[in-house]
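Chain lettering (A, B, C and D) follows the sequence in which the chains are written, and residue indices restart at 1 in each chain.
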Amino acid sequence: MTIVFYLSAAVAVIATVLVITRLNAVHALLHLIVSLLAIAVIFFTLGAPFVAALEVIIYAGAIMVLFVFVIMMLNLGPHAAEAERRWLDPAIWVGPGILALILAGEVGYLILRGAAGTTGAAIVGPQTVGVSLFTTYMLGVELASLVLLAGLVGAYHLGRRRGAGEDGEGERTNG
Amino acid sequence: MILVLLILNLLLGGGLAWLAGRWSASAARWTALVVTLFELLFVGLLWLRLEPAEGSPWLAGIVADWIPNFSVKLILLMDGVSLLLITLTAVLGVLAVLVSWREIQENVGFYYFNLLCVLAGVIGVFTALDLFLFYVCWELMLIPMFLLIANWGHAHRKAAAIKFFLFTQLSGLLMLVAILGLALTHFQATGAITFDYRALLGTAPGSLWLMLGFFVAFAVKLPAFPLHTWLPDAHTEAPTAGSLLLAGLLLKTGAYGLIRFILPLFPEAAAAFAPIAMTLGVIGILYGAVLAFAQTDFKRMVAYTSVSHLGFVLLAVFAMNLLALQGAVVQMLAHGFSTGALFVLAGALQERLHTRDLRRMGGLWTLMPRMGAVALFFAMAALGLPGLGNFVAEFLILLGAYRANMPLAALAAVGLVFATIYALWLLQRAFYGPVASEGAPRDLRPRETLIFAVMMAALLWLGLFPQPVLDAAAPALHRVPGVSLHVGAYVRGPRSPARVRESAHSVARPETAPLAEHVRNGDGSVWGDAKAGRGEAPAPWGRAGTGTSTIDDRRGGAR
Amino acid sequence: MAEVPIEHGLLLAAVLFLLGLIGVMVRRNIIFILLCLEIMLNAAGLAFIVAGSRWGQPDGQVMFLFILTVTAAEVSVGLALVLHLHHRFKTLDADAMSGMKG
Amino acid sequence: MYSLIWLVPIVPFAGFLLLAFAGRYLPRRAVAIIGPGAVGLSAAVMLLISGQFLAAPPAGYAYEQTLWSWIATGGLEVGFTLYLDPLSVVMGCVITVVGFLIHVYATAYMAEDEGYSKFFAYMNLFVGAMLLLVLGQNLLVLYLGWEGVGLCSYLLIGFWYKKPENGAAAMKAFIVTRIGDVALLIGLFLLVVQFGTLDIPAILAAAPGAWAVGAPAAVAAALLLLGGAVGKSAQLPLQTWLPDAMAGPTPVSALIHAATMVTAGVYLIARLHALFALAPGALLLVGIIGAATLLLAAFSALAQHDLKRILAYSTISQLGYMFLALGVGAWTAALFHFMTHAFFKALLFLGAGAIIHSLRDEQNIFRMGGLRRRLPAVYWTFLAGALALAAAPLITAGFYSKDLILFAAWVSPVGNRWLWGAGLLGAFLTALYTFRMVFLVFHGPERTAPHGRPGPAMTVPLMILALLSLLGGFVETPADLGGVHLFSSFLGHALPGLAAHGSPALEAALQLLSTVAVLGGIALAYQLYLRRREATARWLARPAPDAARRLLLAGWGFDWLYDRLFVRPFVWLATVNKDDSVDAFFRGLARASLLLHGALSRAQTGNLRWYAVGFALGVMALLAIVVFR
């Protein structure tokens, strides 16, 4: 099982690197799904089957589908990929890369200095999680529901169409 | 109770004037006038019903709980110095209402509301002896003043108002920090939180930093030399009544604070700081006078004379002897009238000539002889002509300062020459010479004549019969610790045996009594504030370290 | 069960997080920025799961659930904003939308 | 009777108040009655009181009246107290009597001026203040009067305020005297701190016990008081204001700048003689200042062409004589000269005023001439005054007073030959410039025709003053000329007499010398300005004498020097710093925060990715703190 962890980790990292370097949004999305699936496997190996399932269902399923919808609605054509190529000048990677390296060094130092022990001591199943969720974290759950409600209302408000003329114009430009 | 009445009268009267202003402008004016006249009446009653309790400097007062959770109390107490300043406030309040009669035509009700709020805040400052309440009143007078300048001022009023606000507000915050620091020190020493002035006496007599917190706030208000620069702008842009209140009252709160708080709360730190403060005072005297000479704007010039005159007060407070403090009190009153009158004069000239630029004036005596005579009178007051109030003040201050520090007093006396120069230069440019402006401006109106007559009478009275003022202030000033009472190194002359008797104690006994004493109000009821008494709180001396124990020894010895 | 050192799990989370951060800093397309944010949030969730797994407690998973809800809400609002902005600016370039500069 | 003393200063004050508030609405005739009337009433009361003082002097030759307690605090008690002793009696009588005569004169002189009531209001205020000065029992009341007369001097010099140069002269007078006043004030502080009181009798009584002769404190006190006296009495180095003060109306020059106010310094030193007696160094300085001033001013008077300026320099010079007398300890001689000087100098100024009046404001003596026949009354009175000023022997008051001073300078233990020599040279110069003036104005050909003759309101005071100038000296004559000592024995109750006495032979010899000097001066003036006038003018036109003449005309260049040394630096300093350099700091603070605001607001680009970078940098920094702590 340990080997599965490291394999999945390698897949996740490679897929993620591909996500941030793709020019086409749909390609990037597909790589992200691969990455999320790999992480779901990792969750499973770490003894968290419940969240592994959620990762696949909600993340890779629902949320990514939402992205797909939006990308399709925006109807991005080949000129979008062309624009991406123009924007992604190789020089632009240098600064963030250095920054990320420094951060990685710091975080790595902190992680390697302090922690100890191994993972995957036991499987923590959905039942345990559910009990914890609806007893200890009851208030958190309620708040999360509120957040979701707010997200719903906000998304509805923002996504509401404000008249056909404006909308049609937008489509013509994109098409 | 009457002190609460004094403040409430102004606050409620201000609200009433605001309401009346919605109906008609003149209703607001008359309301404000009636309110201030009532205030004057109350103050008159206060003078008549003075019944000082035995051994207590407090003439009237009230002590009540306000915010018990933080031991904040409503303590309003009045001693002789407060009484004199409250009287000044009441008189100038009436005059300020009269001065604004024609000048203010917009939003009259709200204007008078602000005016009366300033007065209420000033009276609060002059009486509040809970430091927290004092701070509240300090802010209460600041904000309406800011509004007065920002709304009814001249061309650059916004910038001037903001400058005024920033200076006073920042320094006020420093004072708040110092107040909290003082209360904390007291808490660490005794375990009790209190903001009661009387309890905090002797808490940190040597704390230079806490003293500086207070000092900066008062020095800005005063204004003392390097912190004076808000004053010319604020004065120049404020409406006439604003300048009158600013010069007559708000600056006095700084001087009052020095006498009321710095010296009694921090006698040792003040003594250590005295050479610097006196030097600042002298620099202020000379610097203000030189700058006043250079100005071309009438109001700006008068503002710098204020800097010069209040430098005398700073010098006096830190000279730390009775003569100088008496002089400071008289100077506060006399400056309120003389400089206030010059501002009113500037306002009257601006109304007639539509300019404050001295270069565009000239020969006004020919056009307005009565106004010329008035200007002459107040210019003479400003240069300290004997027979007028400013002379008595400056004489006593310089005499006291001479005892404390001879070279500084001599330098300060040079300020009198400079004062002569700017005062005469003002007359020369504005009133003498050939007529420079066209048109025939009207001479003083009856209303203006009344205003100036009151101020002239007050100055003459202060100059020729200052004794009631000195007597009223004396009991309070006697209690300022560290203040030496006597004037000369030795006394001779058979003329006054009383003098010899007095000279036996050349240094005032620092008062511990006011802490434990009872406060009596007008109708004879007695409040005791036993917790505040140091007699029942012996702890502070034990813990406060060597610095305080020496002063304790000294007090014991003097007793 | 995979008995890996906890450091390795956390390092993986860190690497993913930083990759997401690089993406946010580099990409100009808002959709990509949103995708990278997803990566970062997911990496944070991973760190929680790793830690929860170390102690065999459900709390890490609970936290992941909360992150999940937040992500869901964020994505819905974010994507609605993307649509809105695309209508408004006719582009997805984040640099073009600098109306709030000081 | 003595209890009426408060009326003496109060009546002029009442006149001032009446004229100041109601003068505008009163007819001129009423003003002409109220103004001189108030002073006249005051003079009458003063004379009555003086009569009683002579007849039945109060105990100890001093009377005090406390009107009210002025300031009493911190061990200092100052009453509003009046004090009557021989010194104040003499001063008070001279002030009120001469003041009254000048007031009467002014009713005619100022008749056509628009500020008629204002003029008399100021004049009454002046007389009141001057009386307070001399009647004050303590130094604070004295100081009140001292500043009060300074104010009136300022107001009256600038009386014709529409001409800016008059205002400037008034300012100059006030400011220069105020410099002296500040020294006096500091001297007061020193006395208070030393003695705990400002009462003059108490100080005089206490000083010899407290201070040894020559004690530093005594010298310091004397020098500070001298500073005040020098300013008020226009002595070196503060003499520059007096010639300019002639911008005022002529009665003002007569009353304030000749007869009364400028002698306040003499009064002050005489009043506090005990302090000066304790400070021999300061006393010597008084004598030197007097001698130097009298010579410098006399030379300057020689070169003036403005009639009033000649008299002004002559006043400075005569005040120098008084200081010389004080400097040698001859207090009585100084007071005697003060009295005679008040008579003859007031007379000369009033006579000059009459001339100027009839010549329609012509003041240049070189455009006058031959007025002897056209204005006989003025001529004869003026001549009496001129003789008194020149100290013509035997018949004039000036001779007796000046002779007393010269004699004292020779014989006094603190006097010396140099001071006497200066006085003698001064006497010669005085005679020279006085008769230069007389010959140029009244003799020779007529240059400007006078308009009308002065009326009785002007000539009667002139005649009275002429009589006083001639006869006023007989109250005190030298031993060889009758030996009358009325004046000095009266003042002896207040001022100690001169210790030394010379032999009658010495006295006669000194008188002879001064007589020669005076007559020589008059004869030289006759030669130079009447007989050989053209030759003198030609000689004066040569470069060297002309340069000297211009230096003297400008009063030895003191104005120029002070302008460079004090006035310009002060004005420069003030102008440079007009916008308050301290405020520059606060303005800089405001500008700095604006700059910071600009920088920070530029950091807010509105660019999402930059914010992310900033976020990353922040995390990096925080982590770095954790890592490297």
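By our rule, contacts are C-beta pairs under 8 Å (C-beta built on N, C-alpha and C of every residue); 3 or more make two chains touch, one makes a residue touch a chain.
From a predicted model like this one, the values you see are computed outputs, not experimental measurements.
Of the two chain pairs examined here, B-D and A-C, the one linked by more C-beta pairs in contact is A-C. Distance between subunit B and subunit D, defined via averaged C-alpha coordinates, is recorded as 39 Å. Centre-to-centre spacing of subunit A and subunit B amounts to 69 Å, using the average Cα coordinate of each chain. In whole angstrom, the spacing between the mean C-alpha positions of subunit A and subunit C is 5. Taking the mean of the C-alpha atoms as each chain's centre, subunit B and subunit C sit 64 Å apart. Multi-chain contact residues of subunit D (touching two or more other chains): 613, 616. Shown for subunit A are the residues that touch two or more other chains, namely 95-96, 99-100, 103, 107.
Chain pairs that touch one another are A-C, A-D, B-D, C-D. Across the interface of their complex, subunit C is touched by residues 1-2, 4-6, 9, 12-13, 16-17, 19-20, 25, 28-29, 32, 35-36, 39, 42-43, 45-48, 50-51, 54, 58-59, 62-63, 66-67, 70-71, 73-74, 76, 80, 83-84, 87-88, 92-93, 95-97, 99-100, 103-104, 107-108, 111-112, 115-124, 128-129, 131-133, 136-137, 140, 144-145, 147-148, 150-152, 154-159, 166-167, 170, 173-174 of subunit A.
The residues of subunit D lying in touch with subunit C in their complex are 600-609, 612-613, 616. Taken together, the subunit B residues at the contact with subunit D in this complex read 163, 225-226, 228-229, 232, 287, 290-291, 293-295, 321-323, 326, 363, 365-366, 369, 373, 376, 380, 383, 385-387, 391-392, 395-396, 398-400, 402-403, 409-410, 413-414, 416-417, 420-421, 424-425, 427-428, 431-435, 464-467, 470, 474, 485-493, 495-496, 499, 502-503.
Contact residues on subunit C toward subunit A in their complex (touch as defined above): 1-12, 14-16, 18-23, 25-29, 31-32, 34-36, 38-39, 42, 45-46, 49-50, 52-62, 64-66, 68-77, 79-84, 86-87, 90, 92-93.
Those residues of subunit A that touch subunit D in the shared complex are 95-96, 99-100, 102-103, 106-107, 109-110.
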